[in-house]
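Labels run A, B, C and D following the written order; every chain starts at residue 1.
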Amino acid sequence: MIEDIAVRYADGYPEKPLFNPILIEGLPGIGQVGKLVAEYMIHILSAEKIGEIHSIYFPPQVVLEEDGLARLARNEIFLYREEGKRDVVFLVGDHQSTSGEGHYILADCYCDIAEELGVKQIYTLGGFGVGHLVNGPRVLGAVNKKELRPPLEAAGVTFDRDEPGGGIVGAAGLILGLSAGRGIDAVCLMGETSGYLVDPMAAASVLSVLSKLIDLPVDPTKLNDRAAEMEKAIESMVEGEKGKDEELSYIG
Amino acid sequence: MIEDIAVRYADGYPEKPLFNPILIEGLPGIGQVGKLVAEYMIHILSAEKIGEIHSIYFPPQVVLEEDGLARLARNEIFLYREEGKRDVVFLVGDHQSTSGEGHYILADCYCDIAEELGVKQIYTLGGFGVGHLVNGPRVLGAVNKKELRPPLEAAGVTFDRDEPGGGIVGAAGLILGLSAGRGIDAVCLMGETSGYLVDPMAAASVLSVLSKLIDLPVDPTKLNDRAAEMEKAIESMVEGEKGKDEELSYIG
Amino acid sequence: MIEDIAVRYADGYPEKPLFNPILIEGLPGIGQVGKLVAEYMIHILSAEKIGEIHSIYFPPQVVLEEDGLARLARNEIFLYREEGKRDVVFLVGDHQSTSGEGHYILADCYCDIAEELGVKQIYTLGGFGVGHLVNGPRVLGAVNKKELRPPLEAAGVTFDRDEPGGGIVGAAGLILGLSAGRGIDAVCLMGETSGYLVDPMAAASVLSVLSKLIDLPVDPTKLNDRAAEMEKAIESMVEGEKGKDEELSYIG
Amino acid sequence: MIEDIAVRYADGYPEKPLFNPILIEGLPGIGQVGKLVAEYMIHILSAEKIGEIHSIYFPPQVVLEEDGLARLARNEIFLYREEGKRDVVFLVGDHQSTSGEGHYILADCYCDIAEELGVKQIYTLGGFGVGHLVNGPRVLGAVNKKELRPPLEAAGVTFDRDEPGGGIVGAAGLILGLSAGRGIDAVCLMGETSGYLVDPMAAASVLSVLSKLIDLPVDPTKLNDRAAEMEKAIESMVEGEKGKDEELSYIG
């Protein structure tokens, strides 16, 4: 019988001791903001893969890689070791759960993983959809313990009592809620985004804040480049729309 | 593995003996009528929180409080002690279940809680949506034992064989059905409401009936104020609509 | 913890031996045809209630009876004893399952009940929706063993290789499929119906065939009366529509 | 209690040893391509039925056979013995799962069956919907191990990094993902199809490639005939549409 969730570690993990580890979660979501940030960091830091998660709560499909290789939908655990300072664990992946119960069960599993690896501080990353284009996206925050708020504010994170009004849906939120009962500090950073498109601009804002917060320099050049390209593409689309309006007003 | 439902009591409950306790349920629902009444009573009576319920059947999201603190969706149990007379337990919360099976399992859990606390009488509160604005909303009733009906009628509760035609959906109804088999008396009070908006007017009607029924004076001033404001706001909207119609007919 | 399905028997059942029992299932479905037939038979024959089924797979709501009494959604088991000849068990109720898995689990439970009561022959009743008004509705059949077909045809049941094309959904069908593996003969009788309205005409056709098949006279007068009323109501609606068309063509 | 999945083997299987067996899966899906191919092969090769699968994850309905016999929805296992060369197992059936979790649980069961029968190589067949009519449909491929790709390419299978972009949904995909962890080689062959209609043309393309790949000659005449008929029917529909356009332009 297939397990509801299967976690497979590589290389002697999770027993291998980590040094002062933190966990950064960046699963798919609004504007793919969290996913962009976490996968970018993994790439730039050349983090090493140490685990994989499969689940019947993921969508029932395989992912096709470029070489025609099909593999199960999965979440992945990566590790970056800052020698003598701290270890950084990343949680990324293809999908979140397709059902409400699955969301809870998976988020609880992510907290199990954090505990197994000795994590005492979690950063969950996501997007905060506002439904319109955003210039200079803010980074909104949420915490699972009051004491965690001041350092976030010092790093430029906005706390707005009305945002996000509907709460935080999915893993980025549930991890905060579920880790509180386990004595793990957790904060959520949400990049303001239209929510319509994959949003590297919002991701760049989140990366900038996160880098500062955890004092981990990550060269943002490539992400900024991608954001700049995106911005240009959107501007030209908007210009196109304006052009149409002008034509129309000319006709009128 | 996360529990499907987790009930956590505070302060030595549920063992601490209660005196002649009744339970008042006011979870979210049509017009938020039940929620408004129960939370208002908790506020006015300064009831004390004695328990919390979490469940994977709630929506998979955290609630953000004003200070940026994220917490799991929850139901809460409050207690108000009428010295020497009776104890009143309240069940309120953020959400009901998102699935049919979850509704049954949670309602059964609520009945477990009632039994653990020695409750012999339950009042479930809700709204009865009629699809149009209501002046002087009636309070409709349902019972889980015939003998419970006359005192309700004496208190002004309406029993209408055709209302609500489709039965009572969710916790307010299921608690009646499930507590019958446990020998717990239960009645449901439903405030007539359009169902379109949060409805403090319907809530005020229910509060008035409930106060009388259980002989528990609760100053209704603030709820009535809120209802009056709402009524004014709706009137001005309706006037606005009429104004538009007049303008249009004038133009015509 | 609430049971997924709870079956409660009355009066010493299911141990009390039945004599040569058959089971007639008439749960809600297309045109309420099966429900109408089975409940009518129970009424006319004054069958006695011997059991009740509750389940978390039913919709999460209580049913309100005329006196304001709320009760859980349920299925019911009735018994009619034809002295010295045969016992007839009826399965009727408020609802079928709301989920696919629940349909299978409940239908399997119905087969358990049939076995517990010693039933060797099941008749499931339903409607066959054709999407247009039907004059002189046919009764279509299905069987779970080839040998069961000829007596049905002799009683006027139609077997049409293309009807119903999509198979038989819900309890009426699944009971046939699941009882086959238990060595219980089962047939399904489906009254042809528009599917738009509760259809006593289709029910009268099914009752007539079933009465003949199991040699159990049930006075059809009241059902026929209801069917006649319905027919008249529909005719006057159709006339009304024609009238409108004529007016319109007159205007044209 | 009904089992979630019940596998029943005939004739002493699965213990009876098979010789060098492969498994061909052709369950319902886009354009019914996989189903058409596998059922055609079973028919032409007169493969013998050796097993049956029932599940509560299939739709809750019975299938009606031509003679009025109702049977549970099922998947079936067939066997074709190529004396002294190899045994070929087929997996076909009425339905796939109706839920995401059910898809995983059933696909895992199919891999159990493959293991029980000693299968070391699986071919899953399906359609690849492109949303427009296709002339000379290509056969796209996916593999669960890199080494499996070159022989597919040699047999004319296309590997396109962007197709299918969204991954492969359902059994055809999940079997690849899940069998990898069991050391079973698996490839998926997808016939290009509009996705609007049952598509014997796509099926003929897949059959041609598969026959070559596994060196199993299957006379394609009847399938090609059906494809030719279908092509003619579509052409005449398209002509009809063109005719309408011409008339309209004449009017204009």
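Note that in this section a contact is a pair of C-beta atoms (placed from the backbone, for glycine too) under 8 Å apart; a residue touches a chain by one contact, two chains touch by 3 or more.
Worth saying up front: this structure is predicted, and the values here are computed from it rather than measured.
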{"item": "Rotation angle (°) superposing Cα atoms of chain A on chain B, nearest 5", "value": "90"}
{"item": "Proportion of interface numbers common to chain A and chain D (over half same, under half different)", "value": "different"}
{"item": "Gap in Å, rounded to a whole number, between the CA centres of chain D and chain C", "value": "38"}
{"item": "Centre-of-Cα separation between chain C and chain A, whole angstrom", "value": "53"}
{"item": "Residues of chain C touching at least two other chains", "value": "none"}
{"item": "Chain C residues within the chain B interface of the complex", "value": "1-2, 56-64, 66-73, 98-99, 102"}
{"item": "Chain A-facing residues of chain D, complex", "value": "97, 100-101, 103-105, 107-108, 141-146, 149, 159, 161, 164, 166-170, 173-174, 176-178, 180, 188"}
